[in-house]
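Down below is the structure, laid out as structure tokens.
Naming follows writing order (A, B and C), and every chain is counted from residue 1.
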Amino acid sequence: MNLFDFFTDPVLRAPTWGTLLMCIASSLMGVLLFLKKRTLLAESLSHATYPGVVIGVSLFALLFPHHEEKSFIAVLLGAFLSSLAALKAIEWLQSKGKVSSDAALCFILSLFFGAGIVASSAMQSSLPTWHKQIQMLLFGQAATMTDLHIALYGSLAFAISLFLALLFRPLQGALFDRDYAASTGIRVALLERIVFWLLLLSIIVGIRSVGVVLISGMVIAPAVAARQWTDQLKPMFFFAAFFGCLSGLVGNILSVQGSIFLSTETEKMILPTGPMIVLVGAAIALLSLLFAPKRGLLFRLFRIGAFHLRCLEENLLKGIWKKGPLTFENLRQTFRIPPFPLYFALQRLLREGWLMRDQKTYSLTLDGSQKASSIVRLHRLWELYLAETLKLQVEKVHKTAEEMEHILTPDIEERLTRLLSNPKQDPHQQPIPQRPQPL
Amino acid sequence: MSPYWGANFFEFFYILIVRIAHWNFSTLATDEVQIGVLGAVAVSCALLGPFLVLKRMAMFANSLSHTILLGIAGAVLLLGGTAMFDLSHLLLGALIAAIATAFFTEGLIKVFRLQEDASIGLVFTSLFALGIVLVTLYTRDLHLGIESVMGNADALMPSDLRLAATLMLINGCAIFLFFRHFQLASFDKSLAQTLGLRGGLFHFLLLFLAAATCIGAFRAVGVLLVLAFLVGPYLTARLFCHRLKYLLLWSALLGIGASLFGVALARHLLSVYDLPLSTGGIVACSIGLFYLIALAIRKIYLFTLARRCAIVNGA
Amino acid sequence: MKYAAMEAESLNINHGKTPVLWDLSFIVPKGLLVGIIGPNGAGKSTLLKAALGLVKPLSGKIDLLGESATKVRGRVAYVPQRESVDWDFPITAEEVVMMGRYGRLGLFGRLRKADREAAAAALELVGMSAFADRQIGQLSGGQQQRLFIARALVQSADLFLLDEPFAGVDLGTEKSIITLLKNQRDEGKTVFVVHHDLPTVEEYFDWVILLNTRLIACGPVSEVLTQENLSAAFGKSQSLFNEAAALSLKSKTGII
């Protein structure tokens, strides 16, 4: 089978579309939790759905024993009610009970799950076939979803997205600065209520595909990944939804293929979807943490390296400006750096037209000369600023200026010039190179 | 045939007391094994739990309780053996889990500059997912995965009792020897550092012991109910006590009490209503029940105190 | 230098994305009551933490009593800001003071009678004997502050570092604390106090470190508290400096 089959084949399409849509819902809510630094709330709430699910399905089995395909309604309702109860309990513990947030989350998580296990054990003996269904909810099992599921979960995911789209402006305000938002008339308390209800909704939607135990992974991982690619809220939602969607899709495919691979003729093996989806999601998050431009680790390391290289180059230009044309050996001895970085820097300077080479001697081009003098200008301006305006000791100013000359922007240079009234001499009585005059 | 077969709640305690009085423990009944294991787990958790909560590490403990699955899988792969394992498997697994969790979480926070809650969440969900996949592939059976989450207190054996008791002893010794260090590390990290007491060392020791306790308990109650033992009794005791040493004691007593109550209740439900329920789950719910009872007692006490003050003040 | 109580050399520290201390260099001799003054966010608390080795500098160093923090552990006492304490912690006043003696007990040591008596004496000195058995959350602001000073006293240190000890404390407690500190100074100890109240600086301290991310001045009170220095510390002329320092930090850590 190929990829297309997953979307169209009557058996495969429901799980595929289903997991896809479910993961979108949880990823979107994950963004909100992430920004509020409360991602672990999802962990607690998801485990708290368990007793509700078990009791709900048990009641359903007793009342409507022949409508097994519709049992997911009981699942959703039961999950919603018990996680709502858990939410209230957590809030009470934190406010009235004076319990720290992590202890409250932990306590409620274990208590509710314990109650769920008790209920589950009761169910195991009296309603064994239904019990097996519940077990699937622990780690997720998408394979038995039908088109009805696609419709339901799809519309729930759509509802969540719609809410977020409609409430975007007030949400953004409340997330960033709750008190200020409240003072401008945004009804912050109501907003938070709505967000929590949507969160519960997204969790109960997600537990079918990812499972009770691991759904918090799908709340956290896409948000973490999304943050790496953007600094704004709206794109963050889109990125999170995309990554969630991708995790759901790939994870589901992997679990289906994996199950086929593991099954033998006699023994049917099911590799649950939950762990696969979470692993894919975590992998995406890790790759984003490493490779995203701007915030990714590798890019940060690269930028630090590039900065040091630029400092070296500018120091080289300065050195030749002060001392006149120098050979490779001179430079190596003056700057005391190993030959390879020196060579690399010099080649770059040559290629970019700041330096020219004649036999063994490096000298400045006209552009290079201007650049060097502007760096020296920054250095001496800064020294003057420190000594005159901030009254620092004159002996100390040189060292910091050595660093700052590579960092000061043209804007700061402009302000310095004005502040110091276009000075001509630095604290060491050396002349400050003037700005190049436009021709 | 268990001596407790057919007993209801009160008969259970009667039989237990009689058996203790006669001290004929040549063969332990399953219920007694359960009480023993759960009680030992409760004591271990009572010794560690308060420090974890005070250090705001409860969710980190949750993290640990998930990653131990990977630790166990790792230990089994490295040392060989099956689901029945001994102390060496346990300690190695705990070490792997503690190191992996601490290392990756701190790595995310420090190197990748990710916020703390997301770091914790990302690490334990992915490591747990990995553990599930490995266990499923290795044993070709999801059952171990499910069992690790739920535990199976109803299949305990005397060997489990020995294991739990050993762990209890280890935890007891550690806390007895190093109480001051744990207290200081929980209360005032900077003082610990300025005094030169290795706050970092004891922090990791606490993690390691917590991981070991989780592994030791997971056959009995599963990874998630250990959290109930770690956090619940402490929160209950904190309602009426504020001295750390006594809190450890009360937490242990409450934990043992919940174990006794839970096992008795489970037997009662089986005998009287023919309902074979999960003992571990019932014990966890008992912990919750004790908290509610303590809360109610406290409210009543404060209420009567207020009324008495009002009367005294001539209201 | 061995005769200095505190010595900093080109100390550079940042916290997250902002530079907190910039190229700090100064020497403070022993046996003085020193005030650390500056506007909010000037880096005063960070200076203490760096001296204690609790915060790692980006570059440069800072020594206490001629050595780095790890080598003078037993001789330095730290009184942190009240807001950094967990007042819900199940611990009594007496137990807090006894914590001051943990440093000399090593890994396996037990608290002895001598330790208990030292704790009782310290509580007596700060006037807190009656509250020995109270849980710390039940104490008032002034009592909490005095408690932590008692803990510092029990350490028998040569050098004290106090972070805003007078914040939210009543005048009576403030007076009694400053008397205590002056007594310690008279006994030859050196005391550093992060202080936020300018009018009282001259009355309380012998020596002042005036800073605002960078060092403005360090020396005897009369020399440092000049109009020029104060306007340099509390005035607005260093916004350019702060901006440039922030830029520098970004380049060094590769963050955009």
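Convention: contacts are C-beta pairs under 8 Å (C-beta built on N, C-alpha and C of every residue); 3 or more make two chains touch, one makes a residue touch a chain.
Predicted model only: the values in this text are computed from it and were never measured.
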{"item": "Topology of the chain contact graph, where touching chains are joined (line, ring, star, complete, other)", "value": "complete"}
{"item": "Pair of chains whose C-beta contact count is the highest in the structure", "value": "A-B"}
{"item": "Most widely separated chain from chain A, with each centre as the mean of CA atoms", "value": "C"}
{"item": "Inter-chain centre distance, chain B versus chain C - centres from mean C-alpha coordinates, in Å", "value": "40"}
{"item": "Centre-of-Cα separation between chain B and chain A, whole angstrom", "value": "33"}
{"item": "Euclidean distance of C-alpha centroids - chain A vs chain C, Å", "value": "38"}
{"item": "Touching residues on chain B, where the partner in the complex is chain A", "value": "53, 56-62, 108, 111-112, 114-118, 120-122, 125-126, 128-130, 132-133, 136-137, 140, 142, 145-146, 149-150, 222, 224-228, 230-232, 235, 275-278, 280-285, 287-288, 291"}
{"item": "In the complex, chain A residues that touch chain B", "value": "34, 37-40, 42-43, 47, 97, 99-100, 102-103, 105-107, 109-111, 113-118, 120-122, 125, 135, 138-139, 213-214, 216-217, 219-221, 223-224, 262, 267, 269-272, 274-276, 278-279, 282, 285, 289, 297"}
{"item": "Chain A residues within the chain C interface of the complex", "value": "98, 294-295, 299-304, 307, 382, 385-386, 389-392, 396, 399-400, 403-404, 406-409, 412, 415-416, 419"}
{"item": "Chain C partner contacts - residues on chain B that touch it in the complex", "value": "50, 54, 177-178, 180-181, 183-184, 186-188, 190-191, 193-197, 238, 241-244, 247"}
{"item": "For the chain C and chain B complex, residues of the former touching the latter", "value": "49, 52-54, 69-70, 73-74, 76-78, 80, 84-86, 89-92, 95, 99, 102-103, 105, 107-108, 111, 135, 155"}
